[in-house]
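Report on one structure; see the data block that follows.
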Amino acid sequence: MMLCTALVFFMHLGFSFLEIGLTRQKNTINILFKNFFIISAGLVLYALIGFNLMYPASFWNGILPDYFVGLFGLESPIGKEGLDLAYNEGYTYWTDFLFQGMFAATAATIVSGAVAERAKLGSFFVFSILLIGLAYPLVGSWKWGGGFLDEWGFYDFAGSTLVHSVGGWAALLYIMKLGARIGKFDKDGKARAIPGHNLPFAAAGVLILWLGWFGFNGGSVLSADPGLTSLVLTTTSIAAAAGGLAAAGFVHIVYKNFDLTMFMNGILGGLVSITAGADLMGITDAILIGASGGVIVVLAVSLLDKLKLDDPVGAVAVHLGTGIWGTLAVGLFGSSASTDQFLIQLTGVGIVAAFCITFSWVVLTLIEKIWGLRVVREEELDGLDQAEHGGMTAYADFRMNQH
Amino acid sequence: MMLCTALVFFMHLGFSFLEIGLTRQKNTINILFKNFFIISAGLVLYALIGFNLMYPASFWNGILPDYFVGLFGLESPIGKEGLDLAYNEGYTYWTDFLFQGMFAATAATIVSGAVAERAKLGSFFVFSILLIGLAYPLVGSWKWGGGFLDEWGFYDFAGSTLVHSVGGWAALLYIMKLGARIGKFDKDGKARAIPGHNLPFAAAGVLILWLGWFGFNGGSVLSADPGLTSLVLTTTSIAAAAGGLAAAGFVHIVYKNFDLTMFMNGILGGLVSITAGADLMGITDAILIGASGGVIVVLAVSLLDKLKLDDPVGAVAVHLGTGIWGTLAVGLFGSSASTDQFLIQLTGVGIVAAFCITFSWVVLTLIEKIWGLRVVREEELDGLDQAEHGGMTAYADFRMNQH
Amino acid sequence: MMLCTALVFFMHLGFSFLEIGLTRQKNTINILFKNFFIISAGLVLYALIGFNLMYPASFWNGILPDYFVGLFGLESPIGKEGLDLAYNEGYTYWTDFLFQGMFAATAATIVSGAVAERAKLGSFFVFSILLIGLAYPLVGSWKWGGGFLDEWGFYDFAGSTLVHSVGGWAALLYIMKLGARIGKFDKDGKARAIPGHNLPFAAAGVLILWLGWFGFNGGSVLSADPGLTSLVLTTTSIAAAAGGLAAAGFVHIVYKNFDLTMFMNGILGGLVSITAGADLMGITDAILIGASGGVIVVLAVSLLDKLKLDDPVGAVAVHLGTGIWGTLAVGLFGSSASTDQFLIQLTGVGIVAAFCITFSWVVLTLIEKIWGLRVVREEELDGLDQAEHGGMTAYADFRMNQH
């Protein structure tokens, strides 16, 4: 469980590499700064607010938890006695905090990728803080905190909805408000490719994320049950593989091209798809769910282009598109398949969607009014590394093409 | 064990980084695509065919395993009851599948490096599929599936022969058929260096592979015996260190040069060398085996150059040269050393060699006839990213030297 | 514990990436070679000498340990019986060796970063060998080997003093002897920035080091006590986050700039700060210690500039500055806070300082006399890759700016 937490932490390198790799070099430092901020602020925020908001029922004796008290220095929770108070078998209070804190930061990282290359740094930080500190733990409490979605029987094993869709909806609303990067759509409204500047980083990001999913899904078993954990790792990996093959195969058939980016996004789509029900599926189920997820990613990327929505890394397609699909798939495949379950899943997806859309719209509108969401044209053209990071450049010794 | 599986999975990032780093930038996307294909197709294939081919004896009740049945959707093997059917102490059916599936993909990855920069993508995929789906599990069944090599007492702890030599023989045959890259040998037949385009990636690849070997060899203990596992990690690391120092020292004495590439290949040679007997050796044994492995790599690279065989990443030298050495070393060092054991090891090496050479020769000849093995001259000169991936470039913002 | 060892091993990739990323491309191969040497030679040396020097009390029966005997081939320690002789609950003799060997190499890696871009390779190797083989294990024996610092009650959980300050003092003395890189200070003695050539590598290095600290601190619990281990991971992560935020915030207030490098060094400063007392602190303590560590790093970097000391990667600021701070913090925060403890910590810091300064000064003076410490001016300007590695270049296909 602790090592799963380490793997989930490591996903932040995966997200950083992926986002850098698929964007232009002139925004590299900006992206890295954003990602360091998210993981750091996310952990501190989750300690201050989020953890308690998400798990109100788990407070010892129903009063302020030792942990919370400890935070403000009133009392240290960690006399050696305190440590023995593991509040669940198989993992401890601290492990759970750390694991969940990493999850919370993940939701904000999804947004980071979608708004890359034109979002104002300070405004993004404000949005992230509210997402990590309020929206994510609130939605989480409805299911993982024992709230009404849990009572209704809504199932979301490791967060297709609670993590990925939450991040995905926020990302979608943000890019709608923000507008496309300069040059993404030509005068006729046709999408143009803005190629990423470092595909090996992007590829490394995908493999690191896949590795991290071993921790993400594996750790969500919340115990050391080797049978269930190993099944979850197997379905997770098989869905990832099937998602990548399906996406790449689909693109190859349509465009006669071996498209690396789609292979990578298909893998991520397969991973997000299996996340809601990784513990309920067999191998065949995992292949079907993952492969469908891969195709959904390709279609969603194409749909966003048609809607003139600009998502440089495909975050909305991957996390929202397949997050919804994966959640619904719990009612269609595996040991839980039933009409009732499907309708509950659908209801949960809808409620979370309504909340996230409303939350994001309100918060983004406010931020837009107060600080603005987007950098000015010159800053975007020069690159954010120039504008917001004192003219640093990520690759000082290399000669670059300006564009 | 499950975390060892995660580490073995992570080796695929190591292989990708190593192969990219030691080749030219114009083939980067091609290499990444190949590697994503191998890991994805490898897992799905191993689920479809390989696992059952390799472990026929382990089927419950001697009939079709639940897993296989589940695959085709007849019956889900994973009712909660099913999960308790751990078929061995210390790890589960699923863990074993995933761990072995990762191994299978490794064999194909070895070939990928050797044939880089001129192999036709589709033809390579066909070869990989047959290698992962048939040849690897068949050879594996002779020993790890309880077959005749196992009965004879052949020893191969974690695959110096069963993984590395299988991949190495296939790589050797493939580059013999394929021919050298344009420009590798001058008119007098003298080898010219074609420098890799990103040494930090190559170095990262080596360190990630070393890390992965903790999982590769550590996981091969197939139990949580902490004494044996920790010994295996120690001999593994010491052999790697000794291999690197020996290779770099040897080159320094001969060429008066601190050669980074040889240091790295020496580490990999040390790792492959110790893999066959990592659980049987003491510290002194590990140093001697690893250091010899490092020197063997240097000599093998030089030998291949003389034979005008072109292996861009040194895969044949590392995986075949030291794979054979490591297998034989089981009969020369450590608790198993004896003339009898040495002869058994030698026999095993010979039988696997005969099979792999025959298999590779037949399959490659067929593929060559049907689709051809090699891209045309213009495509090779332009780079495979242009030819096979729609003109994508791995580093869009960087200015490059053409060569 | 074994997986912690794997994570600590992986820190060497983190250190390599960080050092490469923050320096110029013309010294990349040199840096990678250094780092491969340190990890390889470190392991072999620690097997030969260091482990026994550090843990004299742990020898079975007070005679030569099996392990040592085994090393010289007199007797293999690893008959299957030997393996059962776990000499402590929770981990084995071998695990401990490997874990400590990785620690030893870490101390030398710290020095490597500080002396980058101008130190003579061979001389650095000699110094590293003496540091890993003698100084580090000797200092370690005073505390972790049950020596006088341990008897006095000096506390250093995972090495703020024993690892980081030892490396940090050696680095400080080395850069004092070595002098600044050409061009680091202008004619008026004012520091000029020499920008690193690959910030994504540096950022990846920091995240990998953070991950490695999960193993570094987590493994130092030296048992599988899940309560204590999970607390340690939590305080470690929170201190890292607080360190990064404090450093970046401090710089933003003073210089109106979002400084990525300082964010990264602040994270590392937070990690080093918490290392001495990660098992004694609550969340509030961790935030305060980490945040102070982050600010200390910023101030220390500025102080070194004023003293005209040139440390390309900030190793002295990070490892020595916050290594001292973290050690003293054990007497100021958490369950151990007391005037007595603070004075003991201060005494320990002073004794280790005195020893390391003396050791480094003597050894460096000798090496300087015999071989010289620094490459000649032309070699430094051309880059060490040209001078010491046969004209190899790390990025053969990329066009570079010369500087």
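The letters A, B and C name the chains in turn, as written, and every chain counts its residues from 1.
Note that a residue touches a chain if its C-beta (ideal position, glycine included) is under 8 Å from a C-beta of that chain, and two chains touch if they have at least 3 such contacts.
Predicted, not measured: the structure shown is a model, and the values here were computed from it.
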Superposition rotation for chain A onto chain C, Cα-based, multiple of 5°: 120
Interface residue overlap between copies chain A and chain B, same or different (over half shared): different
Rounded Å distance between chain A and chain B, as computed from the means of their C-alpha atoms: 33
Contacts with 2+ other chains: residues of chain A: 3, 198, 395, 398-399
Chain A - residues contacting chain C, complex: 1-3, 5-6, 9-10, 12-13, 16-17, 20, 28-29, 32-33, 35-37, 39-44, 47, 67, 70-73, 76-79, 83-86, 91-95, 97-98, 101, 121, 198, 201, 388-390, 392-399
Complex contact set, residues of chain A against chain B: 3, 7, 24-26, 195-200, 203-204, 206-208, 210-211, 214-215, 218, 225-231, 233-234, 237-238, 240-242, 244-245, 248, 255, 257-260, 263-264, 267, 281-285, 287, 334-335, 395, 398-401, 403
